[in-house]
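To keep things clear, I will list the structure first and then write my remarks on it.
Going in written order, the chains are labelled A, B, C and D, and every chain counts its residues from 1.
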Amino acid sequence: MTIRVGVIGTGAIGRDHARRINQVLSGAQVTALTDVNAAAAEAVKAEIAPDAQVFETGAELIQSDAVDAVLVTSSGFTHEDYVLAAIAAGKPCFCEKPLATTADAAKRIVDAEAATGKRLVQVGFMRRYDTGYRMLKRVVDTEIGRPLMVHAAHRNQSVALSYSTQMAIHDTLIHELDIFRWLLEDDYVSAQVVFPRATPHAHEGLRDPQMVLLETAGGVRIDVEIFVNCRYGYDIQCQIVGEEGLANLPDPMAIAMRKDARLQTALLTDWKDRFIDSYDVELADFIKAAANGTAAGPTSWDGYVAAVSADACVAAQEAPGSIVPISLPARPALYG
Amino acid sequence: MTIRVGVIGTGAIGRDHARRINQVLSGAQVTALTDVNAAAAEAVKAEIAPDAQVFETGAELIQSDAVDAVLVTSSGFTHEDYVLAAIAAGKPCFCEKPLATTADAAKRIVDAEAATGKRLVQVGFMRRYDTGYRMLKRVVDTEIGRPLMVHAAHRNQSVALSYSTQMAIHDTLIHELDIFRWLLEDDYVSAQVVFPRATPHAHEGLRDPQMVLLETAGGVRIDVEIFVNCRYGYDIQCQIVGEEGLANLPDPMAIAMRKDARLQTALLTDWKDRFIDSYDVELADFIKAAANGTAAGPTSWDGYVAAVSADACVAAQEAPGSIVPISLPARPALYG
Amino acid sequence: MTIRVGVIGTGAIGRDHARRINQVLSGAQVTALTDVNAAAAEAVKAEIAPDAQVFETGAELIQSDAVDAVLVTSSGFTHEDYVLAAIAAGKPCFCEKPLATTADAAKRIVDAEAATGKRLVQVGFMRRYDTGYRMLKRVVDTEIGRPLMVHAAHRNQSVALSYSTQMAIHDTLIHELDIFRWLLEDDYVSAQVVFPRATPHAHEGLRDPQMVLLETAGGVRIDVEIFVNCRYGYDIQCQIVGEEGLANLPDPMAIAMRKDARLQTALLTDWKDRFIDSYDVELADFIKAAANGTAAGPTSWDGYVAAVSADACVAAQEAPGSIVPISLPARPALYG
Amino acid sequence: MTIRVGVIGTGAIGRDHARRINQVLSGAQVTALTDVNAAAAEAVKAEIAPDAQVFETGAELIQSDAVDAVLVTSSGFTHEDYVLAAIAAGKPCFCEKPLATTADAAKRIVDAEAATGKRLVQVGFMRRYDTGYRMLKRVVDTEIGRPLMVHAAHRNQSVALSYSTQMAIHDTLIHELDIFRWLLEDDYVSAQVVFPRATPHAHEGLRDPQMVLLETAGGVRIDVEIFVNCRYGYDIQCQIVGEEGLANLPDPMAIAMRKDARLQTALLTDWKDRFIDSYDVELADFIKAAANGTAAGPTSWDGYVAAVSADACVAAQEAPGSIVPISLPARPALYG
């Protein structure tokens, strides 16, 4: 059985997911495309999915009989409507981050999905499919005792002028907010942000670096450095300290070279290379679940909790040093 | 366009390649199966390829109009006939190692393919598709100057009683014999084998470890340790020393853990895990080339040269310490 | 010229320093010994310094014409009196940590020494003499731009029942409090302590682990994990993140071994082994300066600031999460 | 008791050893100096050993009542006479490499010392005192089973025009020849040398790199790469493969830094820095033994065996690829 996939939003990531489905992965075909820029949809059709139908609107695409499952890769503010429509149509839906642009909107998706009694939404937290994080989770679950602390860092070489202090939470930390929950199987109860002396390499108006301190319901303490003008590379670090030992997220595989009086290993500089393999795996997981009419992987609840937690971190940015509580409603049974 | 693949030999590796084609990769489907044990072919049909036709013989499968490309994963002694038949039929053919059981047989395949003027055969030297080796090749090509020496090791935890001293060449070293040629873009001119004191963990009659010393036409000197009862894990090491620096094949990604008074990283113990990702990539390459009616990757010439070089190493085993010359006929233009 | 050294306090560390002076280092001899337990002093005389005179009191030893320089290795509460007496006698004085048991007492030593206009006191912060930290300082000073953040950890396998939550500051963190000041050439302005979920391996009444967050006058943010029942080893970690890159304190040299399906390196388990070489170097530095009638290395001001900073951390322990300010009087010119 | 040391030869290394004795180590003083260049001896007297007497000849120095022990740090061709004279005088003697310039001369020293029935000579194979090699020996002795193979490399950034192909054995490999014997507690029975393609960075007339293959009486097989124009640094590698696992000589401690898109660690470029600490330790061992009127550490027998083994390697260079046997006379009981 081949799953017929409709792609809403054919920008860079939508186009790339279409390529994956049609040229890399087994079990699905892109049969429908749409974009606010119709020419973009036509270009992807021409290049990647010649047999696909181009729809004028996402709503029509979702309703089409030629579509078994939906990929939402359009602008963030449109996600809520498309995901709700897919849920209403009973079609599995893969939604890129963010699930919605506000926690309230994300909650409406959770409620709608929970009301169906069935998983239909997968959120694009691709790190959960990364080989390194999966290895780390296995070790955390079996080797080092209960986790007590996490020391982490999210560093970019540099960012565009449009990158704001808040985006350090909503665009950058958001990945850590999800992955720590998954690694620890725990939720946050408070957040604190402190600002070290700013690097001179940040543009005016951007507080960089930042340190975020999180506390979980289980008492785990987490410190995350966010440093988006670190200059040296794109670098994701995560160390879990448990009762019996500690474990580190591995660096990406690289060649150790001895040259120029240095033992040296190249670091990544482009974030797009860091989790590239995990995009294939997350979509394969989506296709597999969609073949059974359901969804797997990160849930809409995960998307909602990430949004709530991120909002608390932004509040913590606005009152540096103060400890901002985080509270969640009861978790629907569907996401148990 | 979906390539219709016929699989000859549905043992462990044939079954696994069928699974890859039907469940993991895009662009191909298994449409035909055959095995000397018909029940095995039927089982793979039932489990993986319900729409495939089971043929009584490989010859019939190769001739079938329902087959665009052929996978030869049967016993080694049958490879020559099947590959020659696929060439005669003008169908792309992926052949697992060895290409043939003698250098002469491999040469007949080379000659047949060369006579068609077109690549039709890919030999299953999967290491060329391994991420680590590909990274190493890029560094060797661009960073460390011309290669001068290679230090390598191929270690297994232990081997079955059926494993013989010669198999250390034909089953174990064969991978190094191919991959060094690919890394160095060079051929061997001599081989020497010396035997260190044997490990007490080898079974009677097996010389283990062994040291193989190779010289290339370009003057590169290679030492390879083969140690198939090393006890500690499955471990593939490769260091290239060039005029400006040196580079090492990376170890497989693993979690660094601090526990029990040790900084420790798990090593693989099962060879099947070591290059598992490269099987997907080599088959994807085969499917892509087959869609154009041709073959890519390791050639029948590579398979032939590996066979000639391995024969010289076996001769070198039989006269420990003596230097055995290796010579090759002219390389057909097709493999330039 | 051979410096004649008097040792006050011949317990484990006093005895060990005496051995260093007489058997390892050049330029000094132990000529005087004293201990509240006279038998202990006699034992060290017999074993290590047969020509030394045993004094009844530290005061007499300090006054003796046979003593050029003084080592204070007695119980902490006695340090103030002995160091003040040595200053009064104009004799260089090496004082083990702590310089005094209260910040006020340490301040009295600072004032007394400053009044002489000459360095006479070296405090036993031996990490400043450690090869790894010295390498780190060189890199911090020259390679990674201005420091912005420090991520550090101080982990012990386990501690005695007598170890208290406060001792995590006064006995454990005290080393970090000194070494970060030295690495950063900066002082603290605030401290915060948070307590992760406690390990079940800590004894009753001990909060373990702890996270200490420090801010410096220059805006550097420091997080230090203190975990004294980490089970896996004695482990000191320090990472400095600067404007242009980051640098890590190296682990102690150890053999990388492949064995038992693990790439493994032994970790230290006994803190006494971690900085063992630095004791030789700090005493050699003391002897060298004493030959010129002065003192080098960590100053009494350093000892005083460590005491003030530690007191603030203890206050921060008592109000978890709150940010406790740290302020210092003007630094006397002697310690410029 | 202070050992009174006479230094014969006050070039760079003699001067440096004099500094060690007088300024770093405990238990000895330089009381006598001599050099073919009297001004050099006077300069060392002035700078380091003002109380020392300068002798016109080494013979007189050895005979002097003011000398308890002798350091021979003069030109290699003079070593035999001085060491024999020290043995005749019954005085402990530290002799820098080589013990003598021919195996026969070294054998005369062995015979003379053996005739006295007492160890009097220590040869300056300082690697045996290196922390890394000592750690390696401990692991080899206790953790990895009986050694089967050694993979090693000795690399220099570059060498002077005066460096010859033979010096790769007598000046470079000589250290490996000694240290493998010590690590393995075994002697060589054969040597083979092969020459890879030469690096273009070697000066005319120098064969560089070289590969030396050694076999021990116990059947251990050793490959050593000698590459003295490797460009990237001074690098000593040693891996011992045993029946149960393998162990590597650690690299010198260095700071791991992330900077410029590289995880990077500085490598040494000057050989003088590589084993600098071991010079202190070897001389401390000499002083300690000399206090008992004897010698410890590497013996004259070790010096002799190194000379015999090196001569075989030079013979092997002259007939590349051929296997040159190495045989030794019976080992005198003194060196059991």
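Before moving on, here are some points about what is shown:
The working rule: a residue touches a chain if its C-beta (ideal position, glycine included) is under 8 Å from a C-beta of that chain, and two chains touch if they have at least 3 such contacts.
Because the structure is a prediction, the values reported are computed rather than measured.
Look at the contact of subunit A with subunit D and you find the same residues on each copy: over half of the numbers used there are shared. Of all chains, the one whose Cα centroid sits at the greatest distance from that of subunit D is A. If each chain is reduced to the centroid of its CA atoms, subunit C and subunit D end up 38 Å from each other.
Between subunit A and subunit D the centroid-to-centroid distance comes to 59 Å (mean Cα coordinates, whole Å). Mean C-alpha position of subunit A lies 45 Å from that of subunit C.
In subunit A, the residues touching two or more other chains are 231-232, 244-246, 254, 258-260.
Residues of subunit C that touch subunit D in their complex: 22-27, 131-132, 135-136, 138-139, 143-144, 244-250, 252-260, 284. The residues of subunit C lying in touch with subunit B in their complex are 157, 231-233, 235, 251, 254, 258-267, 269. Subunit A contributes residues 146, 148-149, 151, 153, 194-201, 209, 211, 213, 215, 218-221, 223, 225, 227, 230-232, 241, 243-246, 321, 323 to its touches with subunit C in the complex.
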